[in-house]
Amino acid sequence: MNLLLLILVPLLTATAILLMRNASQVKWVALTGATAQLILAFVLFFAFRKEQAAGNPLQMLFQQQYNWFPSWHISFHLGVDGISVAMILLTAFVVIAGVLVSWNVARMTKEFYFLLILLSLGAYGFFISLDLFVLFFFLEIAVIPKYLLIGIWGNGKKEYSANKLALMLMGGSALVLVGLLGVYFSTPEHTFDLLKLSDIQIPPEVQKICFPLLFVGFGVFTAIFPLHTWVPDGHSSAPTAGSMFLAGISMKLGGYGCLRVAVFLMPQGAKEYSTIIIVLSTIAILYGAFATMMQKDLKYMNAYSSVSHCGFVLLGIGMLTKVSMTGAVMQMVSHGLMTALFFAVIGMIYERTHTRQVNEMGGLLKVMPFIITILFIVGLCSLGLPGLSGFVAEMTVFMGSWQHPDPLHRIATIAACLSIVVTAVYILRAIGQTAMGPIKAGYENLSDATWNEKLAAIILVIGIVAIGTAPFWLNDLVSPASQLILEKIQLVQ
Amino acid sequence: MMEPGLYHILFISTALFFIGVYGFFTRRNLVTMLMSIELVLNSVNLNFIAFNKYLWPNRLDGVFFTIFIIAIAAAEAATAIAIIINLYRSHRSIDVENAEEMKY
Amino acid sequence: MNEFLMIMKSEWLITAIIFLLLLIKLGKGMKNGSLLLLVQVLLLLNFITGFFFNKEGSLFDGMYHTSSVIIFQKNILSLGVYLISLLFADWLKKSEHLPEFFILLLSALLGMFFMISSGNLLMFFLSLELATIPVAAMANFDLGKKISSEAAMKMILSSAFSSGILLFGISLVYGATGTISFVTLPTQLNGSTLQILAFVFLFAAFAFKLSIVPFHLWTADVYEGAPMATTAFLSVISKGSIAFIFMSALYKVFGSMNEIWYNMVMILSIATMIIGNLFALRQQNIKRFLAFSSIAQVGFILVGISSSSTEGVSSVVYFVLIYVFSNLAAFAVAASISSQTGKEKVDDYKGLYKTNPFLSWVLALALFSLAGIPPTAGFFGKLFLLTAGASKANYMFITVAALNMIVSLYYYLRVIRAVFMDKNEQPIEKINTDPATKLGLVICGAGIVLTGLLSWIYDYIQSLN
Amino acid sequence: MSGSTIIFYLLAALILVSGAMSVTSRQIFRAAIYLLFSLIGIAGMFFWLQYEFIAAVQIVVYVGGIVVLIIFSIFLTQQAGEKLAKQKLGRQVFSALAAFCGFALTLLQVYQHDFIKTTAVAIEPTVSNIGNQMLGVNDNGYALPFEVVSILLLAAMIGCIVIAMKSKPEAA
Amino acid sequence: MPNLTYIALIPLLPLAGFLLLGIFGRNYFKTTSGIIGTTLLLIATVLAIYTAYGYFFEYGKVAGVYQKLVPLHYTWLEFSKGVSIDMGIILDPISVMMLVVVTFVSLMVHIYSLVYMKGEERFPTYYAFLGLFTFSMLGLVVSSNIFQMYIFWELVGVSSFLLIGYYYDRPSAVAACKKAFIVTRFADAGFLIGILILSFYSGTLDFNTLIQKLTSPDSVELKNAVAASFLGVSALTWGLVLVFIGGAGKSAMFPLHIWLPDAMEGPTPVSALIHAATMVVAGVFLVARLFPVFAISAPEALNLVGYVGAISALIAAVIACTQTDIKRVLAYSTMSQIGFMMFALGVSGHGGENGLGYTASMFHLFTHAMFKALLFLGAGSVIHFIHSNEMKDMGGLRKYLPITHITFLIACLAIAGVPPFAGFFSKEEILLAAYQHNSIIYYVALFTSGLTAFYMFRLYFSIFWNKKADIHGEHHGEGGFALLMPLILLAVGAAAAGFIPFGNFVSSDGTKLESAFHLQFSILPVAIGLIGIFTAMWLYKKKNDKPDKIAASLSGLYKAAYRKFYIDELYTFITKKILFNLIGRPAAWFDKNIVDGLVNATGKATQTISEKIKGMQSGKVQQYAIYFLIGVIALAVLFIYVWK
């Protein structure tokens, strides 16, 4: 499996989109590209499993290395482990769903799809790069498309949100940058190569400075408290596909970075700061959940709930056990799929009712059974219903988090457990007010989902259900990788 | 009074330099500002010659520097005056305080 | 004699072009259009020749020296000048004094060539003046416009003042060391306080030319008032050349005072980034905006310079190359719009994308590159500057620099927002860009994208050291 | 106190006093004349230092060229007898303070510094020495700066012509 | 042991029904979905009965002890070595019994609904949900892994939610389903934490291993679990108490019972299935599943179970006496009966004669499933006829609904503990167990069983006797065969199930428990029951004003009971005032104004500074020069004097 394909396919798609003449050509090209991505992701998945089954002991498979700025010791080094494969699969799912959902974008279609595909390019690149510089490169590539997507096709106070998002994310990446430079110069041979760096002990005093920089920097992407405020505004102003990408892919870049870069390279720092991470993420979980409870706008609701859910990711990482880290990755995948679907559904509802305020809706189940069924599914996934992905991920985090017997970890875990109740409260409130109850006047003649929306939803639901009912494949994928990270942490005493 | 030497000349040149600087800061007429600049350049010339004479007579670096400074001063003055005249044409004034259309 | 020709090849070429233009001017003259075409061809040839028949060495008892890095730096500047001749074709064609403009411009370029090749303080000073005085005249080339002469006045007066300071500093250096040669100077520097004082004077003059805070104040006014082509020349070519000589002066001549100037550079770099950004935030005029943004960019260049390593040199050279593409593209778009509609306000750009998608994309690309967003080359440029600067493990410095990138992003996005997002009842109408301008914009766009992604460019620069 | 010393102090007084007058006088013509005196004083100082050639150049270029140019420009831009506008007092005080600080600082450093001297044989600044070096291309040759300056002068001339030439009777 | 993997089909068949009808039902099986669902379930029921037969009579018993068989088992999600969520099937007496009960009752409900729900717009959805529920419940009872149980536990919860909210356009139904879900969810969080605690100390999630590790006195795990303590209570006890909270939530134990009465908003057959016979006993089942751990290692926790059960039983019975909605009466009665089962477990010991309470509890669970399902279905039949839930709209229906009447009467007799109906036998054993172990609970139970008889017959008389209902408009008859057949079958069960020698099959340690029948002991309970019945008869057989008078004389208590002891209000207070106003609103406010405000303030501050320093760029070239000089001087001073 040649990992370059994962970059080339979106690149070609994007180029092809620019060459197309009219909107419908653009759409079909984008869809073809997205399908190709999905196929590629699956090919990668199976190839990876095959290698794994064959007992390949390497940490990173399918490695490729090309010279790129050799004078800085930068190389275009690609490779994947289970975590990356999981994230790539997630990305492919979200991309195709996003492309399908945006079928009705009428304004500047070409640019819209171009940016979507560009964003996916950034995400793939990020997930497969083994060189910190390249990783950072792709991380930043993904920022501006988001800005433009929100700013041009968004609604509400879109300029404000787009600005806030871009600035906060860039702020995060600025911290990441400083951290990376610190890492780079801490080793004698000055390298950005992840694998090389992981073999070298980064000096503790460097870890002490660089770990928080990197973790907070990446944390901004994944809505670490209190730097999460771009999330609600950004998501709610973005166009549907934008929100999907934002929450489904972009927020995952942060979690992945925290794990792959911050924790993996700097286990000592991770140990030192784990308490703070745990406290912050617990706050995020509860606080996000409670804040969600008070929202009246569906998108804000989902955005705040993303804060809460991403808190689980950080909690899992901060707990520094194999299970919890596996859970964090699962939560990333699960949340990615789920929240993308949630935004897709919200978008579909909004397109029909032209409102996102829950109290202005009611009884929509009657007129749009398909959409509302999906809303139910995604809502239930969000509140952790077994059989859907959210449950598996959250439980893995809980199980992992509980492995520390000291009070702080215990309290954090219990607090996190209790959040599932709050989640239930707000999800049911949302569903109850939108889908159930007597139908509001004026909504009697709304139509149900169109083919593209259905397809998008079904693809994501398949993902959610697949993880929910058969988590073992995801677990098998991720756990060996987190085992390796754990071993690094255990080396430090 | 002491026998005049390097330090005396340096005093003169430094003083002249800052006199010129002061003039540059306070004169409102552009031509007089230009004149202040000439003072500044001359003080530098004095410096060069003094150093050349008292410290480094083995080479003529100071002398040449002075010659070229004089040449440059001429070119600079010419260009500056051309610009000032042009400004005068459009502004009808060469008061520097009036030439502040662009700010902030 | 052959050696003279070969080593000073770039200067000879420029001189030849100057005299050719002079002859044309003195003769019966040519139509602007064909003359411009001729100039463009000549400059292109000049640029291309820059890569061949190069010879390193020094002449005139070390007053003039050249090396592969210097040759490459000159090539960058030649490229910039060539691009200027393309990008501002519209304005140039309308100009009454086209040959004079290029004579002055090329004289200034020649001055810059001599400057980065200079081997002693006298040559440095003279070529600095040669690179300044014609530009001041060029700033006045919008003859009918008040602000143009105001800009020229501000430039010539303040640069004369800075020359005075510089000269005083040089005289002190001369007095304290007895030499003005770059080769012998370092051996005579002992860090005495007078030398520090003299160094500060010199440093201030460099800082003035580079627009480092607090010596930057002339920049915005001059940029705003001068014709766009002059502004572009000033902000890109002039800045670049000064950065080169500044860097080599710091490294080679004042290398022994490294500790002092490192701190100086650091303080001023931080101040420059912050002040530049803070002012850029509130600018409405696109030229002024670009002026302040370029001040902030200088802050970044200083980060690279502070490293005093070969990586520092290459990253600064690399950054300037990228900066040539990005900033010229931005200025060119602004110039096209300004020369056809007279609009220079950021607010006027609202809805530009509707009517001028090509210009909008180029502008966006340029601004992203200036902001350091991948995949544009600016990303690599800035990153390498920071990486070079980080080698001293001064986290505070690097963090401040990195955070300043956010502020700068904010105002670049302001323009992007106006162009792409804001609604406008009366957007700027369709602009007819000159074919030459289009070509130039395409070159710039390609440069912005490819200079970064093609890593051999950087490696080539690095290999020159 | 020798005669040369007296001359020195006289010259010094001439330079500084007329320099100061030239930056403070409110009559622009007088200011120009003070400038002229100051420049002549400097030329005298060069004489005193036995750098006659430089003194000559100083007089020719400055007195014969630049000051004349300045006076012409004054004619062009100034109504006769008009007094110069006064700068704000605050600015004056502040400038004086800044200039004085600079002066004090520089002077302090200069006086604290022990200048070393060369022991090598001196070269006389005769016209022939200067002339030979000026056009020499090898050791101590200044042909290159000479060429540079000539180009600079050419460029400055062209620039001046373009700018100052009244092309059209354009109203401002 | 024969190949038992076919047992997996028992839950999977309803699941297949759910998927088939859920995805395609709306379009392809608009009318036939009921038949499909029922058929699938019929097969499952047959399989369940076959399994039960096989287990109890063929291979289940080894050396006189019923074994815990795990015929199917695979790793679903492995956390670490030994700790994994497994999907498996455990066969032991209680799970096999539950298999039968669940499939049977569910089948009855399926059949019943064929008529009852006919013509509903979302008929296929209804059957899909029923399938989902049945699947989840079956999965729950056969769980071999505590986490597996939790999974199905949640699924049961959600299917209950979906079914309660079946009439989604009724605001009350929406509120009810939300409430049910949230309250049980709250309890589930406890369950989850309990699981975490137990698994942490035992190092496993597998029921068998877990029980073994936490009950054998010399195991390290047990010692650790007992040694670690929090607030003076051992970790093990905490774990079990938390698990019990989960059970209490699902089983509507006080004070987590508030959702159950509201849940009656669902279609009546659903109430019969979920909120009477199956789901609500999950809590009991859970405690029974972990019974050895409770009984052997953490008797305090078991005591808690006993008292909570007893209190719930009493309170529910009192409230039931005052309610007028027949379904609500039944709901409270359910709660009360589950309280019986719960405290029966609470007063039980482990092994041998001590385990009487355990057997009794399971027995009561079994019989209760029969007669309570019957009661609900009967009530459904009544409601179907009269289109109202309120007692005041009913009366004298025995003529219109003869079969319903008879079966309802049988059920009432059974629940009231009148011999020889099923309830008599199971309740008798419970009281005996309580009598032997805890006299307080015994007297509470005795009183409650009197109340039970009273309110059941209050219900019975109010519906079928009393005044003549105001029957107008068109009323179809008693419904068809499909409606009546389940009633009759369940009536048979309610009448005869008591004669099953339950102790032979189900006991705390798998051995046979000889349940001696103590005639002299049963006199008192039966007498009290009869008193209740006759009181009810006296008050409600004919329409009169005695009940109102009594209610008036007991106004305080009556009102409190009528308003369900204000527990609902308490909950409202907690959620609205505390959760929303004290936590949610401040959190949202904090986010909007402080956190976000800081971010915005940073931006504002930058702008302000930028505006403030604009004077620096004054446009005056002289000023620029002054700055220049100042810069030079400052740098020089800095580097000459300060920063050496």
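Residue numbering begins at 1 within each chain, and the chains themselves are lettered A, B, C, D and E in the order written.
One rule holds in what follows: a residue touches a chain if its C-beta (ideal position, glycine included) is under 8 Å from a C-beta of that chain, and two chains touch if they have at least 3 such contacts.
Treat the numbers as computed from the prediction; the structure is a model and nothing was measured.
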(request) For the pairs B-C and A-C, output the one whose chains share more C-beta pairs in contact. (result) B-C
(message) Farthest chain from chain C, going by mean C-alpha coordinates, please.
(response) E
(request) Return the chain label for which the distance between chain Cα mean and whole-protein Cα mean is smallest. (result) A
(request) Considering only mean CA positions as chain centres, point out the chain farthest from chain B. (result) E
(request) Could you put a whole-Å number on the gap between the CA centroids of chain A and chain C? (result) 42
(message) How many angstrom lie between the centres of chain A and chain E, each centre taken as the mean Cα position?
(response) 36
(message) Quick check: how many Å separate the C-alpha centres of chain C and chain E?
(response) 76
(request) For chain B and chain E, let me know how many angstrom lie between their CA-based centres, rounded off. (result) 96
(request) Send over the residues of chain D in touch with two or more other chains. (result) 91, 95, 98-99, 102, 105-106, 109-110, 115-116, 118, 140, 142, 145, 149, 152, 156, 159-160, 163, 170, 172
(message) For chain E, give me the residues that contact two or more of the other chains.
(response) 603, 614, 617, 619, 621-622, 625-626, 629-630, 632, 636, 640
(message) Among all residues of chain B, which ones touch two or more of the remaining chains?
(response) 17, 20-21, 24-26, 33-34, 50, 55-56, 59, 64, 68, 72, 75-76, 79, 82-84, 86, 89-91, 97, 99-104
(request) Return all touching chain pairs. (result) A-C, A-E, B-C, B-D, B-E, C-D, C-E, D-E
(request) Going by the contact rule at the top, pick out the chain B residues touching chain D in the complex. (result) 1, 3-4, 6-12, 14-23, 25-29, 31-32, 34-36, 38-39, 42, 45-46, 49-50, 52-60, 63-64, 66-68, 70-79, 81-86, 88-92, 94-95, 97
(request) Spell out the part of chain C that touches chain E in their complex, as residue ranges. (result) 153-154, 157-158, 161-162, 165, 193, 196-197, 200-201, 203-204, 207-208, 214-215, 217-218, 220-221, 260, 263-264, 275, 278-279, 281-282, 407, 410
(message) So in the complex, the part of chain D that touches chain C is made up of which residues?
(response) 105-106, 109-110, 112-113, 115-116, 118, 137-145, 148-149, 151-152, 154-156, 158-163, 167, 170, 172
(message) If we count contacts the way the header does, which residues on chain A are in touch with chain E in the complex?
(response) 164, 167-168, 226, 228-229, 232-233, 287, 290-291, 293-295, 304, 322-323, 363, 365-366, 369, 380, 383-387, 391-392, 395-396, 398-400, 402-403, 405, 413-414, 417-418, 420-422, 424-425, 428-429, 432, 435-439, 470-472, 475, 479
(message) Help me check something: in the complex, which residues belonging to chain B touch chain E?
(response) 21, 24-26, 33, 96-97, 99-104
